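For reference, the structure is listed below as structure tokens.
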Amino acid sequence: MEKQTVQNLKDKDSVDAMFLVKEKNVGVGKNGRAFMVLQLGDNTGTIEGRLWDRVDELTREFELGDVIKVKGQVQLFQNRKQLIVHRLERIDPTQVNFEDFMPKASKDSEDMLVELLQMVRSMKNDHLRQLVLDTLEDPEIKPMVLRAPAAKSIHHAWIGGLLEHILSICRIMDFMGKHYPFLNRDLLLFGAIFHDIGKLWELSYENGISYTDRGRLIGHMQIACELVDKKASRILGFTEELRDICKHIILSHHGKLEYGSPKRPKFMEAMVIAMVDDFDSKVSTLKTILDNERASGEKWSRYNELFDRYFLLDDMNEKL
Amino acid sequence: MEKQTVQNLKDKDSVDAMFLVKEKNVGVGKNGRAFMVLQLGDNTGTIEGRLWDRVDELTREFELGDVIKVKGQVQLFQNRKQLIVHRLERIDPTQVNFEDFMPKASKDSEDMLVELLQMVRSMKNDHLRQLVLDTLEDPEIKPMVLRAPAAKSIHHAWIGGLLEHILSICRIMDFMGKHYPFLNRDLLLFGAIFHDIGKLWELSYENGISYTDRGRLIGHMQIACELVDKKASRILGFTEELRDICKHIILSHHGKLEYGSPKRPKFMEAMVIAMVDDFDSKVSTLKTILDNERASGEKWSRYNELFDRYFLLDDMNEKL
Amino acid sequence: MEKQTVQNLKDKDSVDAMFLVKEKNVGVGKNGRAFMVLQLGDNTGTIEGRLWDRVDELTREFELGDVIKVKGQVQLFQNRKQLIVHRLERIDPTQVNFEDFMPKASKDSEDMLVELLQMVRSMKNDHLRQLVLDTLEDPEIKPMVLRAPAAKSIHHAWIGGLLEHILSICRIMDFMGKHYPFLNRDLLLFGAIFHDIGKLWELSYENGISYTDRGRLIGHMQIACELVDKKASRILGFTEELRDICKHIILSHHGKLEYGSPKRPKFMEAMVIAMVDDFDSKVSTLKTILDNERASGEKWSRYNELFDRYFLLDDMNEKL
Amino acid sequence: MEKQTVQNLKDKDSVDAMFLVKEKNVGVGKNGRAFMVLQLGDNTGTIEGRLWDRVDELTREFELGDVIKVKGQVQLFQNRKQLIVHRLERIDPTQVNFEDFMPKASKDSEDMLVELLQMVRSMKNDHLRQLVLDTLEDPEIKPMVLRAPAAKSIHHAWIGGLLEHILSICRIMDFMGKHYPFLNRDLLLFGAIFHDIGKLWELSYENGISYTDRGRLIGHMQIACELVDKKASRILGFTEELRDICKHIILSHHGKLEYGSPKRPKFMEAMVIAMVDDFDSKVSTLKTILDNERASGEKWSRYNELFDRYFLLDDMNEKL
Amino acid sequence: MEKQTVQNLKDKDSVDAMFLVKEKNVGVGKNGRAFMVLQLGDNTGTIEGRLWDRVDELTREFELGDVIKVKGQVQLFQNRKQLIVHRLERIDPTQVNFEDFMPKASKDSEDMLVELLQMVRSMKNDHLRQLVLDTLEDPEIKPMVLRAPAAKSIHHAWIGGLLEHILSICRIMDFMGKHYPFLNRDLLLFGAIFHDIGKLWELSYENGISYTDRGRLIGHMQIACELVDKKASRILGFTEELRDICKHIILSHHGKLEYGSPKRPKFMEAMVIAMVDDFDSKVSTLKTILDNERASGEKWSRYNELFDRYFLLDDMNEKL
Amino acid sequence: MEKQTVQNLKDKDSVDAMFLVKEKNVGVGKNGRAFMVLQLGDNTGTIEGRLWDRVDELTREFELGDVIKVKGQVQLFQNRKQLIVHRLERIDPTQVNFEDFMPKASKDSEDMLVELLQMVRSMKNDHLRQLVLDTLEDPEIKPMVLRAPAAKSIHHAWIGGLLEHILSICRIMDFMGKHYPFLNRDLLLFGAIFHDIGKLWELSYENGISYTDRGRLIGHMQIACELVDKKASRILGFTEELRDICKHIILSHHGKLEYGSPKRPKFMEAMVIAMVDDFDSKVSTLKTILDNERASGEKWSRYNELFDRYFLLDDMNEKL
């Protein structure tokens, strides 16, 4: 029998599977009885779970961030699947590989890193290349790079998402360096790799994705600048001016003050990095939204708040 | 002796050359004497001209849009060159090739069109390919495509600028179609070519670049939609639905209502076209600005109103 | 016995009447039982319906857009009427006149059209008058004009609403033409009639009011411009310049880019049309809101999101 | 010989006429000599005056706000008329009727007031009618009403301009009261007359139009509210509630907080007053702008900052 | 036994206590049975009450604004306390001191007023001091000052809150007058006391806090200006200019047009009053929010819409 | 004879004094002759200088940033003083104390620093106190603190201005710590001192005030964070968490993203620091503007672009 996943569950299915508890709320129903509302996830998606019996007892059995084994049944509620939980059991965390319960990049992280390092080695400026290599091959950092998501939600919000986003931008930069030969390719690649690297420490992704205290207090741009200082200080001849150029690229990559960049891009490469980052993030976000919406079988999406519009759900590759 | 052009004029040069009159104002000086302020252009740029003598007489000799032969001398005023006009003479317009007096794209228009048509021929959808070919090869339209600028000022504001902008976006789209394989390449190429094609009629570029009445009243997006209707109505099997998709791409390519698009992009390809158009226009605009500013020899640009910032003028390809 | 309508239903009434299904959702209650939430409408308004029994069975009996015969009872929930459905039965659509289930303009459409045509015949410019008459008397268009709403919701969102809105603006324009004699009355009347005429194709109003694909992709302004081209091309001597003036009025009638107009009004008549359209729409919208709110018997309305304020519900004609 | 006015002066005319000094600046020319720049006005417009000789001596002869007799000559500077002053002489202010030197409404103030009072007498609510009559017939206020402008510049900025604006709105309100019969006509007329009446004290218009200290510190809305209190306190049975309704109309007539209204319109009549005031002001402003621009003989206006656009200068009444 | 208050209620407590009814809604449950949702308040806070039995009967027993005696039990619903009401009984309003059921300032109102009057007596300008004293000691106004809240919700929204806010600002102004000696201390104190004094009439706080009709129609700034007129007219030598300065301070104290001030601050003291008012309000608001959020025991607050952010809940005085 | 300064120069004065050259432009006059426009400063202000003779020769004698000895005469041009330069001579920079030519704080820097250090020593948290002391007493930093301005223009733009701004805020914080006892005084003082300390390196103030490359590329907030890292790394027990709190205060002190803060204040002390910084800067800016404007003798200021208003110039301390 095929393994049951959030994605392949269907209306009226009997369920016997394990999920990560991403949200957990207990309520008192209008009839005076307690009930529980859960967000249950695995590596294919998230489903709402509802529990009506023995709530008082079961609520003490597990916490947010635990993996639980669930028996129950799927129902459709307003065209969305809901899992009515009949029984549940907490799995001992030491027996759990939490990554199995979070979505993953569609490509293999190790493969992506190999391709990325190849590109890095083609950088001409010794100092910049060294800075990037020392970072990506740092034994503490490398495993984080292989796993970190690019965001809490919205775009590339999955295991390996940051690396996928970095690699996508690097490939675009490789093209742009040829298309606009007046641009410095080394800086483009540096920016592609370092603009979001502070997210390795801004986000925590042990059980689900959340912000760290550092992330909330100082943010990924500040963290990345500190990383530049730390790594560059060990590279002979890495000037303060070059550090400032690197930091400027990081600090300006959101493009506008109101998007949280304390500096606007002040040279061409910084500007291109901000624009391509925005471009790849938007395409990835929209891809995720459209894939979700297409599941409904409608021609037009529901109103999308982020983009403030309805989307046409036709796949143009099939239509034309 | 080298031909005198706006670009190669230097302080204290004696001048004997021909220019297009792009602006013409007559003033009364504080000493009660009339003077004339001109903007004089050729295919390398524009210089301010000043005339102090025989103004009453000479002002009747020529009009805005004429080409005149000027004798005079170059002076520096606040680090900008100024041409003090001593004598001038109007050239019979029938003897003038006005294009010699406007800036041109850095590439040959015919070559660009050849490359563009090659790409068009690789489009898979017969209807779309036919629509684009019927347009670019229309004997009335083709010569306009070879010459039209992409804007009155700001970006690609030169003879052949529109074609240069179109070709640049087509190349980017060719890459994007491979990079994001879920995008329909035919629509990307259609959008690259048609999004601004209404500018052929929105702008007039006989003597200098200005807006036509049509351009001011209905704009290039409306004109392009009418072109789609006109051409598509002669292509067998070109459905109204496909027309509407084409028109949607045109109408939404400014990306936001406040930028003059009556529709926001509602599918992925329309969104990518709007973003890549914005991207290529910004890079081109900034390139022009930085090239101009670098002439000053300063490290930082003057305050730039369009981007609301000062730019670092270092060329990173030389610096790194 | 008086016919039961949404408007005249009262708390605790037993109901036996027919309604159009405007929304239909099935849910699973906290007790694990399915229930159904409906929006049920007739020509006097809309009421929420709730069904608790035999949901699985009945949900298959009818679809959104059907007319159903309902037996049940009215209850008050948070001061709003709710219809508890006990039994329901689908009516064969071929036996239904759907217009009986949508709100209507307060005036007779045929009468309004007669008055409108009378005004049109007083236009002095032969080309403009012909353009308008050829449109309103087009045997395909005329029946649409008699029935179309002016919007999906908000203002004049009822059968005949567009005509009511057009006629109201025409009367105001008739006055304005006298009040400001420097305005051209023909253009004012043209704008009053054509600014929203694209809505005939932008909206679908068979069972409820919704947007068409054309409406979403290219919008009513683009559609109206195409109508101008189609009709004007058959009128001898109708110049392209006059077409552009007509199209400009249409394209600029939302007044500002951020309201979806690709052009700002560039002559006085275009400006007045945009302002009067806004004025009549706002008055109509507010009238509808206040009439609804007054039903509550309160002195102040609930917070109104559209206008971002609370309204005083006193009727000043009664108060003073 | 026709009297010389700003309007009928032509290039190269010898001038011998009287003007109000609206601005006066003394400068030191680049040749070290002093010169004087004046704005000289009469009831037909304003012209720039320039004086090159005996500046030191003449500058002590007159002040801003004086009327002077000027001899000199007209010159064109950048298509605008300039008056080169050769001699000048101050006129004893006691011999001057300053109103002869300010633009006037195109209609006779007394006639306008008669029409206005007639409308007021048709108001049905005794208290409101009394309030308005007591104000307009107050022997201190009436002469101000006959003369006050509606603004410092922009719209109705001439002697009698406020009355002209009030009367225009009253006529529109008279129509609107019939067109939308649910509106209370008395409140519409009250709002038409009182919304800007504080301008009688906000603006000073003895020699030119300027703001008073009261105008700058508390503004015309606050002043009008105080007037309501003062007048209403002498009318038997004028309730505080009615006063508050009157004040609300005044305080909300700019429509939005950011336009300086401390309250948004909270009932229909207040909303209509704000919209019609905005409408009549915009039409009047645009009329003034277009009339000025048409003098240039161009087809398109210069860029207009207030409306952020270029205007088409064709008169549609002549064109169609 | 300790008196039961909203604050000291705990999960599963049996309740027998009196509360003010701040909101009252009756609904029909999904099982067809009616239920009632109440907001019940005392001087320590507000709790949601839910009633499941005998709803039809009990709903007629009491109204919004009544005090009721409740028997029931506390339950947690999504980490918030909820009171399940078993029995309830209306208390005869004549037997109720409603202030016992609204939150109060943490300081004694009489003490605060004594301190305030002491500061007022130190004002140097006789007219201003008299104006403030005549107001605060007015036998009609004084009792209102002792009780009024500063707002409906958000900041200082409790009995005595306005006085607490006024006194806090007065103390800050006392400091600022010394710190910036170029500021006029009398005006600072006047502004501290009068900027919000119109709230005495803008808000009603008999049973809960709500807006009065005057408050909604003309607002506290207009009301305060009328108070200045009323009181100043009885003080010999109080000039109209001083009145206008006082009114300007009141009218400009929201600092920006879009915050509802019809005038921007136009002298230093008016500016300082607007800024200090904003400062004290924000600190007080944030204090209230953080105190509430800290009850949850979390390190970070929930998303706060007013400030558009998450707050760190650490108390820095404990942490450092 | 009193020393001649920019401030005490009067119309028609003969001048023989030294000034710093803050701007230098050479133009060609309409008569074809060259002239020079200078901005000349000393520690009391700045005056425009104009030179008409021997421009070609004298322009080579000195550069921007030099101090020159000038002979010439004062003239009034549009109510502003202008210095007509007859002769000039460059002063050997090694003989110049440039600080004599820049405006200074009104208080002695050494005295201000003594007071500041006294406050710092009263901080309770050992780590924070040490961090601040190690910074202010760093032999490289201390002399910069004594001299740095707080901004390029606008507020505290003079020698010692940063220290004056810091001390002013510290005093306010000392008060606020008592007024709002729930605030942590140590963090308030830290924020007062460190929020702008990066300006020591962001600004250069050798000859005039300008931005450094570091300032433009990474800004004073980033620089200050690096300083925290550098100093804290040498203090035993200074946790990373405390560093992040310090950095958060720095990074959030502009209060809003659009003002260049990459983080919004997320705890009370950070919020208070942002508000008090804004408050002291605005008061100081406005004080400077009003002092300048009052020199004109007018009752109302010219239009002020920064604050978008006209200011009343009355000194309320004199008026009341």
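For clarity, chains are labelled A, B, C, D, E and F in written order, and residue numbers in each chain start from 1.
The rule is short, and it goes like this: a contact is a pair of C-beta atoms (placed from the backbone, for glycine too) under 8 Å apart; a residue touches a chain by one contact, two chains touch by 3 or more.
Molecules present, by chain and UniProt name: A, B, C, D, E, F = HD family phosphohydrolase.
Please read these numbers as outputs of a predicted model, since none were measured by experiment.
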Compare the two sides of the chain A (HD family phosphohydrolase) and chain C (HD family phosphohydrolase) interface and say whether they are made mostly of the same residue numbers, over half shared, or of different ones.
different
With contacts counted as defined, which of the two, D-F or A-F, has more C-beta pairs across the interface?
A-F
Per the centroid of Cα atoms for each chain, what is the distance between chain C (HD family phosphohydrolase) and chain D (HD family phosphohydrolase), given in Å?
41
So what's the Cα centroid distance for chain A (HD family phosphohydrolase) and chain D (HD family phosphohydrolase), whole Å?
61
Euclidean distance of C-alpha centroids - chain A (HD family phosphohydrolase) vs chain E (HD family phosphohydrolase), Å
44
Please output the residue numbers of chain D (HD family phosphohydrolase) that touch at least 2 other chains, ranges allowed.
30-31, 213, 216-217, 245, 266, 310, 312
How are the chains arranged in terms of who touches whom: line, ring, star, complete or other?
other
Just spell out which pairs of chains touch, all of them.
A-B, A-C, A-E, A-F, B-C, B-D, B-F, C-D, C-E, D-E, D-F, E-F
Over in the complex, which chain B (HD family phosphohydrolase) residues touch chain A (HD family phosphohydrolase)? Could you list them?
124-125, 128, 168, 171-172, 175, 179-180, 182-184, 186-187, 242, 245, 264, 266-269, 271-272, 275-276, 279, 282-283, 286-287, 290, 307-312, 314-317, 320
Listed in rising order, chain F (HD family phosphohydrolase) residues that touch chain A (HD family phosphohydrolase) in their complex are 213-214, 216-219, 221-222, 225-226, 229, 240-241, 244-245, 247-248, 251, 257-263, 266
If we count contacts the way the header does, which residues on chain D (HD family phosphohydrolase) are in touch with chain F (HD family phosphohydrolase) in the complex?
25-28, 30-32, 213, 216-217
Touch list for chain E (HD family phosphohydrolase) against partner chain A (HD family phosphohydrolase), complex:
29-31, 35, 50, 52, 75-78, 82, 84, 299-300, 310, 312
